[in-house]
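Each of the next two complexes has chain A plus one other chain: chain B in the first, chain C in the second.
What follows is the complex of A and B.
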């Protein structure tokens, strides 16, 4: 297991290096930065949904909270690095409190989905009315519909005059994406990860074996919230403004679409989905013939109807079938008519 | 005295709006356990249908009460055949697919009607109650809510179609064995729910400025009303609409309307935390 873990780290780093050098040749780094940020956000939902079995319809809430936490604390502290960590910790704590409330109340499925959606809506509505003078946190005015502009962005810790922007922001975000990806992979291999997957597979069984399902789910939800907060703070650095639209229903829907399209149940799928859909959105934004939202909606409907497992697992299967991973062909399950006949016999 | 009357009418109005915008969803969710996240866009479509019909010269009440429900019912029928019927029993997938549908409809309505806010004038003039000016249309909304509840209750409880529909939802195999086509019953129920959403859109059209994204204003409220109500279609919807309508209107009186809406949402979160299966999951069981 240690060997395969090392192999995975090496593979990820090599693929990451190739992408980090290759992608900027074709796409400008400004777009690539936001794609990496989206990928990180997609990864956070992919983690809690695909491995924790928690379908959160309001992942945008933690994304927005991260962005706002960064902006507000950056204005108050005047330095970027304390806010950078606060933007991870605060959403994680809020996710732990909110998630704890839900999971200790044994809410599931639809109720969970609806309540997380409502949570996002409350934040959205609240942030939209905070335009007045009285809504101030420290030195930062919340600004209502207009959002908060003009906060300190990330700079080198040893040289505050060197800002991290443009190309370097891309490399920074991309590196963080790789680090978080590997971190979550490691987490899934750890005993906690095993328990987490056990809970996803069968809550009752996990509980009868003595694990506290509510606690595990709350922890998973908090980790997802922290990762979403991280991507939110990077987004604040990229956009250099935070607005209530970060909490909008559309934003929440997009995250779900990335995970569905890429493939829930894998960690790489949501990253792929976020990159593909984010780039598609970028391309669609350059034309005015077809509405952007229409295409996103159509993709979601078609993905649910035709590709419920997502793109990535289908690609992996296709490669496996071609014998790309060399396995003894005799053991391969028969396909086509024979397979169907066997399946019928089994029943 | 007059002020008390005004407050009571306003609270009744708040409850009525919740009843009207959640009736369609309540029928579809309560009967079929299908969550239609495109419900808000169904309502918006009803509004656009009413406005378009009115601008083409039809009398306003025909546009609101007939054109809007019929247009949305036809649309709902198409959606059921093309998308929803493949997903029965897969709750999460239905939610996701209808969320996609909702985005698709927002996009399509933006392309057709443009990203602008439109509306129609209120057809009923106001009147004075003592020292206060009242909106006549608000009274109409209250009456429409009562009519909607009576129709849904009447159809489900007293007609043969309602009996068959309820039976098919409770035990599809048994209904099939009796010779009823459950697929058709599901189709008709979904269409009826869509018609109610269309009616909501028509009735709400003179009250709100309509734009392609305004479905988002309804969806959250409709949802929490239905989910908090639980599985009983009429009694669940009525009880939670009464609770949330009163909460939001009272808070609105004390502060602003946005804070009132936030209070409604917070009340829903607290209620679902306390009663995870909704109001009728605990009380008023076995009612329609």
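What follows is the complex of A and C.
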């Protein structure tokens, strides 16, 4: 276990280094930064959906909350690093409270999906009407649909005049992506992670074993909220403005598409999905011949029809056929074959 | 004498809209007893089982376990009292290996190392060694039943509830199930809900017969099985 863990860390770091040096040769770091940020956001949903079995239609809510938490506290504190951590903690706490209400109310499946969707829409609508002067948190005006510009962005902790932007913001975001990825891998190997996968597999059995499923799911949801918040705060630093569009329906839907296309039930799949779809969107944005949502929609439909498990599992399988060793069954996607089997059991 | 009563149902009633599934059932269970609950379909035995397991909240009445009222407890709180539950349809974690399934049950109350030890003990005890690393979804129904039993045992329960443990088992597996049940009964109290009369005959001491949501008769197994009323009820003859 420890040996394979070390091997995994080394592999991830090597792949990360290759990508960090290789990618900027082909794509500018400004785009790569936002792709890394999207990848983090995709990772947050991939974690709670693929491993916690929680389908959240409103992951953008925590992304937006992270961005707003950063912007608002950066204006109030005037320094970037306290806001940076607040932007992780605040969304995580809000996710814990909101998720707690859902899970302790024993809401599941479609009800959960709808409520998370409504949650992000409420934030979207609310943030849009906060243009008036009365909407102020400390020194920060919420600014309605214009959003909040002009906050302090990240700088070196020992030299506040050295801002982290451009290339360095990419390396910073990319490193965080690797760290979070490894952290989540570690979490999944820990007893908590195994219980969490057990809950995904069979909630009733986990309960009958004596695990408080509601608590486990709330914790998973909060971790996902924290990661999405981190992603949001990086986004705020990249865009140097936060607007209500971060909470929009489109943003939430996109995250789900990344995870589906990349491969739910894996951690790397959502990263890959976010990067591919994000880059595709960026390329499509440069032309006006065809509406880009149409193309992205078509990609989703094709992925669901042709690669229902997502891109990454298909790649892994292709390598496995060439003699790679079998992966742990815990990484199997929570869809497809298993569903049929459950239905068979119910009969 | 009162101390040895570990489970007590007082006027337990469950109504689903108009249907009365359980009608003021009173039932007492002694420590280390092996009690079988039988009855035709819809007699209420499974509903009773679910009330005890925390999977069904009774409309009225009380369930008392070791002197503590447990009515309306969630399943995880019931499980934490030291009660192991095997459901009617095997409730296992399909996507995980046999070993992982049992490990999760053992790990809840034990540190990792001890949990690993418990898992290997149980795999030996239930003869599951060869299947340990297989995904549960690939197993036959009977094997899944045994895996679920392993999960239950890993929690080291003092009270074991088994809902139709013999369903779908092969002859050999039934024999193994019978010996395991008898073994468990050496140190734990058992409640077994079962349809299979041959199976009941092999294991039962005291039998409670449910009929139309009520307890029809509660006697030792020979008396019950030779009772003409029970036969009529069970076989649905001469109403």
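We adopt the following convention: the second predicted complex is superposed on the first by the 321 of 347 C-alpha atoms of A that agree within 3 Å, B and C clash if a C-alpha of one lies under 4 Å from a C-alpha of the other, contacts with A are read in each partner's own complex, and residues count from 1 in each chain.
The rule is simple: contacts are C-beta pairs under 8 Å (C-beta built on N, C-alpha and C of every residue); 3 or more make two chains touch, one makes a residue touch a chain.
As the structure is a prediction and not an experimental result, all values here were calculated from the model.
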Partner chain(s) touched by A:195 [first = chain B, second = chain C, both, neither]: second
Touching partner for A:212 - first (chain B), second (chain C), both, neither: second
Which superposed partner A:7 touches (first chain B, second chain C, both, neither): neither
Partner chain in contact with A:321 - chain B first, chain C second, else both or neither: neither
Chain B versus chain C as contact partner of A:204, first or second or both or neither: second
Which superposed partner A:139 touches (first chain B, second chain C, both, neither): neither
Partner, of chain C and chain B, that touches more residues belonging to chain A: B
Chain B versus chain C as contact partner of A:110, first or second or both or neither: first
Overlapping contact positions on chain A, where the chain C interface meets the chain B interface: none
Touching residues on chain B, where the partner in the complex is chain A: 35, 83, 86-87, 91-93, 95-97, 99-108, 110-111, 216, 219-220, 223-224, 227, 256, 258-259, 261-262, 265-266, 268-269, 272-273, 276
Chain C residues touching chain A - in the complex, by the definition given at the top: 53, 55, 74-76, 79-80, 85, 87, 89-97, 100, 103-105, 107-109, 112, 135, 137, 151, 155
Residue ranges of chain A touching chain C (in the complex, touch as defined): 191, 194-195, 197-198, 200-202, 204-213, 329-330, 332, 334, 337-338, 341-342, 345-346
Residues of chain A defined as touching chain B within the complex: 55, 101-102, 105-107, 109-111, 113-115, 117-119, 121-122, 125-126, 128-129, 249-250, 253, 256-257, 260, 290-305, 308
